[in-house]
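Some structures are shown below for you to check.
Look for chain A in each of the two complexes below; its partner is chain B in the first and chain C in the second.
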Partner chain A sequence: MLQLTDVDVYYGRVHALKSVSLRIEEGELVTLVGANGAGKSTTLKTISGMQRPRNGTITFYGEDIGTKSMEQIVKLGIAQCPEGRRVFPDLTVVENLRMGAYTRKDKSELKKDYDEIFSLFPILNERKQQSAGSLSGGEQQMLAIGRALMLRPRLLMFDEPSLGLAPILVEKMAEVINLLHNRGTTILLVEQNAEMALRLADRAYVLETGRVVLEGSSQSVLNDEHVRSAYLGN
Partner chain B sequence: MKKSNLPTLLGVLVLLGVALALPGLLSNDYYLRLAIMAGLFILLASAHNILMKVGQLSLGPVAFYGLGAYISAILSVRHHVPFPVAFIAAGLGAAAVGWIIGRLTLKLRTAYFVLVTIGFAAFFRLVAINWTDMTNGPMGITAVPPPAPWFVGYKPYYYFILALVALVVFALYRLEHSTIGRAMQAIRENETLGRSVGIDSYRYMMLAAVLSSFIIGLAGSFYAHFFQFVGPELLSWDLTIAIVIMVIAGGRNTLAGPIIGAILFTVIPELLRAAAAWRMVIYGALLVLLMLFMPDGILPAFMTLLRRVASYLTPIFQKWLRPAGGELEAAIAQADSASLSRAEAPGRLDRPSVPALQAVTESKGQEMLKAQNGMDILSIEDLCVNFGGIRAVDHVSFNVKEGEILAIIGPNGAGKTTLLNAITRLGPISSGVVKYHGEVLNSLQAHDVARGRIVRTFQHTSVFPNVTTSRNLVLAHNLREPAGVLPNLLRTPQYHESETDCRERARQVLTFLNLDHHADTRANSLPYGNQRLLELGIAMMTNPAVLLLDEPAAGMNSTEVEMLMNLILQIRDMGVTVVLVEHDMKLVMGISERILVLNYGKQIAMGCPEDIQKNTDVITAYLGKWGGDVTAN
Partner chain C sequence: MAEFLQHLLNGLMIGGIYALMGIGLTLIFGIMNVVNFSHGEFYMLGAFGVLTLFTFMGVPYVLSLVLTAVFFFMFGSVIERLILRPLRSQPVEVPMLATIGLSIFLANIALIIWDPTPKDIGMPFPLVAVQVGPVSLTPIRLFVFFAALVLIAGSHLFLKYTTLGTAIRATFQDRDAAALMGINIDVVNMITFAWGTAIAAIAGGLLGPIFQVFPTMGAAASSKSFAVVIAGGLGNFPGAILAGLLLGVAESLGAGYISSGYRDAIAFIMIIVVLIFRPTGLLGKSRRLG
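Let's look at the complex of A and B:
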């Protein structure tokens, strides 16, 4: 459904993505593994339209999205979260969730989605009427994910979902991602906790200084000698 | 490290020569008068820019201008005070009022501060109009005497203002390249971080307000004696706007920007007189275009252009001079990428090298460890922090022993960061005490705590974003530098000593963190992991006794976390006590000697890593699968 072909991205003169090609099939969970600055976040930014590719094509269900604006791409059903934990701090939790459904037509279904999100994150239900700014970092992260889910995305991109979370919540986050995956959501996952990401994913791409150096089933990547020493710390 | 100042010096000398010869070159008194006005505006814009440097926009500079003018005029006309005395009195009077207004308003920020300054300008204007006994009301004070009998024609006034401008600009140049200038830059870049490395932002803002109003007061006095008349129209809104335009269009926060702005915006309106009715239309359009294409001002835009031209020309010249240029070009490309504004330069986090910092962190590390391990350096007694109805920290008591690594863990929202904020006095304490070496810290401010050598890092990466890595470190050196105006203006031996220490320390910290090759990279274009290292470096510049780290490993992968663990252990071995809040259990269990666990603001456990891992409360609240059976990973 999503296909990047020979994508080059530059920040000024810095060549951030070098001829990157990757694909995601419907219902798949694909993860990007790599060090800080390897180009993982840049890949997400390029797909979501925040960064323009200089060369190469990006297609989503056959449609070229490489030149589309961020708003258009969101409307096509590509959502990113938690976007550096960004929430609207002065709005309540429920209002934040409603903002997530901003581009949706089927407002009647919203109630069902709220319930679903509250069943995933019960703490958000408890704090429904609290302003988002008063939530702790981890709770804001859950809210940001909830907001992305309100879009009912066709492709959900996770950017560091475990960042700053307590170990028990990291597990919880892994469960949530797994649950979403089992329900058939297509997911692209970027995560520093490479071990967790590879356990969850169907397939993985390893990025190094802007280049794809390895790709394959997550099991094969997990067993790769180089990956083990560079990213898994053993 | 230091760049050659020769071209700048030559440029300044040429400009000064032109300025000295100007009266001879100008055929017409009209032009000379214009030059004097430009000089006055240079003073006003430069002085106004001082407040910009601490990130405050004032819309009330005319209040001080009028004050200086009225003080000088009233003293000379009514009391026959000689000019030099009236001139200085005008400066001091304005500075005193600047101090009072600063005390009243500088606790405010952004829009509130702007509004209050507008109010003050309006207030002074009303006083000038209505206090007729003193100011002669709308009629104004006439027949203000010239500074001296021999001030005939424009020439003496011209040389007087030229000397004054030269003196003021030189003093501002000196201050900009000193502790004070750096502190102001730090405040502008990231006030919270500045405070947490010991910069008293309020003091520097007061200093900026007093200095700015002093210079504006002097300019006001000159105005009175030059025009030999002072009236309330001096306090007009138009003048405020003109000053603000000069500073912003010229290039705020730079030294030369306001000067360029003042000259251009004195000359352009005069040139546009030829356009008659279209004058203001053209002026407005010019301003809109300027802000559209040079949002940072003329000077910064010009410098960027110059740099770009240089970066295109250098390779050509290099090829011309030396045929083999491959390496050089790479170096230039790298230097260029360093000046990118939003780049996320690729490259992985590098491993730190040998503990180069050891020498500089007063080498009392080892023996102190032996002698004093076990002494309480920090004690927190029955601490509570309330936010409205929520008790974020609930009767927490613990001690930190000198030379240990103590970890604080707990679910998200358990109050860990609130606790760090309370200890570093960036956040409130509702009840209870924090003691450092037995002394109560509660009544101190954040920068005092840092000066007592308790320094922290932040959960969300906090650096000085728009300056280079090495500049970040230099800005964090403030608390080890003389802070007074005089040592910085006169460059005393003490000043030179601290400068040397600063350079030396910055070099060692860069090496310690292995960030040498990123020394000239802007902090916000560093890869994320390197930004987190830089935060650690900023804290190390202050030579801390207690280092509080708020989630230092967030966003790092396993390999990077191992490197960080190694760094923290090295820092501890230098004799620094480390308190860390962290969710990465590999790091927490791997290096900390004791662990404090918080849940809903309450202390639920305290002990060594092995005990904490077995504690069932901690497992259910926080650790999950990490607890119990997990041994060393």
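Let's look at the complex of A and C:
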């Protein structure tokens, strides 16, 4: 469904992505692992249209999205749950969720989605009318995921959902991502926590300084000598 | 006591207008990161719009205000599209300089069209004062105050309860995250600027009949709007309302009890006092919306 072909991205003179190619099939959970500054967030930003590829193409269901506006890309059903959560701090929980559905035309259907998100994260229901800024880090991460789900995305991208969370919450995030995957959502997961990501994913790409250095089934990547020593600490 | 109440009420009326000017300017800054030096000229042009429609063409006053607001909403959209949007990725002083240029241009256009002599809009309502207890209120002043109140409340309700208003607040809090929701930032900017322009023009049209109308009147209006925005905290919507009302009352009391010569100095005294004691604005936290 999504295909990046030889994508180059620059920040000024910094060459952040170097001829990156990757693809995601419908229903797959694909992960992108790599160290600090490898270009994982840049890859997601480029898919969302926040950064533009200088060279290369990005297609979604065969349609070129490399030059589309962020709004058009969201309307095609690509949602991103960004690094650092980025909830709107002075909006309430419900208002944040409503913003996730901003581009949806079927506003009368939203009730169902709220209910579904509240059953996934009951704590958000309790905090419905609270401002997002008053939530704990874990609750904010749940809200950021809920907000992305409000789009009913065809492709859901997570940027480091476990970052800064206590181990028990990391486990909770892993469960939720696994659940969404089992329900058939197509997912692109970016993680520094390579262990967790490789455990959840069907396939994986390893990024190093802007280049894809390894790709394959999660199992084969897990077994790779270099990956084991560089990312898994054994 | 009666005199004090009279000054207080007059101050609240002017303060309502300052608050209107302030909320537009503060939102334009908060959302677009644009320091808009033409805000006073939009106010001046609004007054001339009402002068032209009401005084010269005989259009009813309230309809003149509505038509002026609609025209300046469109005018603001065009300014955003043609001048500010192309400068969006530039450092903050570039669009600021552009609005300074625009303010000079607009003031001179007004000089050419309407010449420099101050003009009277004339009274849209009967001049009889309504006696309420010890104070007397003229219908125009009551109208101005309630119109300002309705516009401020309307803006608040729009931001708070509509989806587009919520999207504007979201953009204010985190522009990149808002863009990731599919919120079109260009549209948010255009609506914010157009709305700020229209509301400044209405403010001019409202105060026009009480004072005189002349092409350079925008300068004083601009500096007072900045006083309100700074005292209220940059980008702070409720802060601008509070600071606007306070400034109006302080001016009115200062002019009444000290000397009317001090009226225009009070705005600057207010900025200095607030900056010394509450550097982030009257309500503390700067940048707040809703």
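Keep in mind that, in the parts below, the second predicted complex is superposed on the first by the 232 of 234 C-alpha atoms of A that agree within 3 Å, B and C clash if a C-alpha of one lies under 4 Å from a C-alpha of the other, contacts with A are read in each partner's own complex, and residues count from 1 in each chain.
One rule holds in what follows: a contact is a pair of C-beta atoms (placed from the backbone, for glycine too) under 8 Å apart; a residue touches a chain by one contact, two chains touch by 3 or more.
In this text, all values refer to a predicted model and were calculated from it rather than measured experimentally.
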| item | value |
| --- | --- |
| Chain A as common anchor, with chain B and chain C clashing or fitting | clash |
| Chain B versus chain C as contact partner of A:R13, first or second or both or neither | first |
| Which of chain B and chain C A:M99 touches, first, second, both or neither | second |
| Which superposed partner A:A197 touches (first chain B, second chain C, both, neither) | neither |
| Contacts of A:F88 with chain B and chain C, given as first, second, both or neither | second |
| Contacts of A:G210 with chain B and chain C, given as first, second, both or neither | first |
| Partner contacting more residues of chain A (chain B vs chain C) | B |
| A:L232 touches, of chain B and chain C: first, second, both or neither? | first |
| Touching partner for A:L189 - first (chain B), second (chain C), both, neither | neither |
| First (chain B), second (chain C), both or neither touched by A:L222 | neither |
| Where chain C runs into chain B (options 5-13, 23-31, 95-103 or 131-139) | 95-103 |
| On chain A, positions contacted by chain B and by chain C | none |
| Of all residues in chain A, those that touch chain B in their complex | 11-16, 35-39, 41-42, 134-139, 160, 163-171, 192-195, 208-210, 229-234 |
| Footprint of chain A on chain C - complex, ascending | 163, 166-167, 169-170, 173-174, 176-184, 288-290 |
| Contact footprint of chain A on chain B as seen in their complex | 333, 336-337, 340, 342-349, 387, 390, 409-414, 417, 459, 527-530, 551, 554-562, 583, 585-586, 621-626 |
| Residues of chain A that touch chain C when the two form their complex | 48, 50, 69-71, 73-75, 80, 82, 86-91, 95, 98-100, 102-103, 147, 151 |
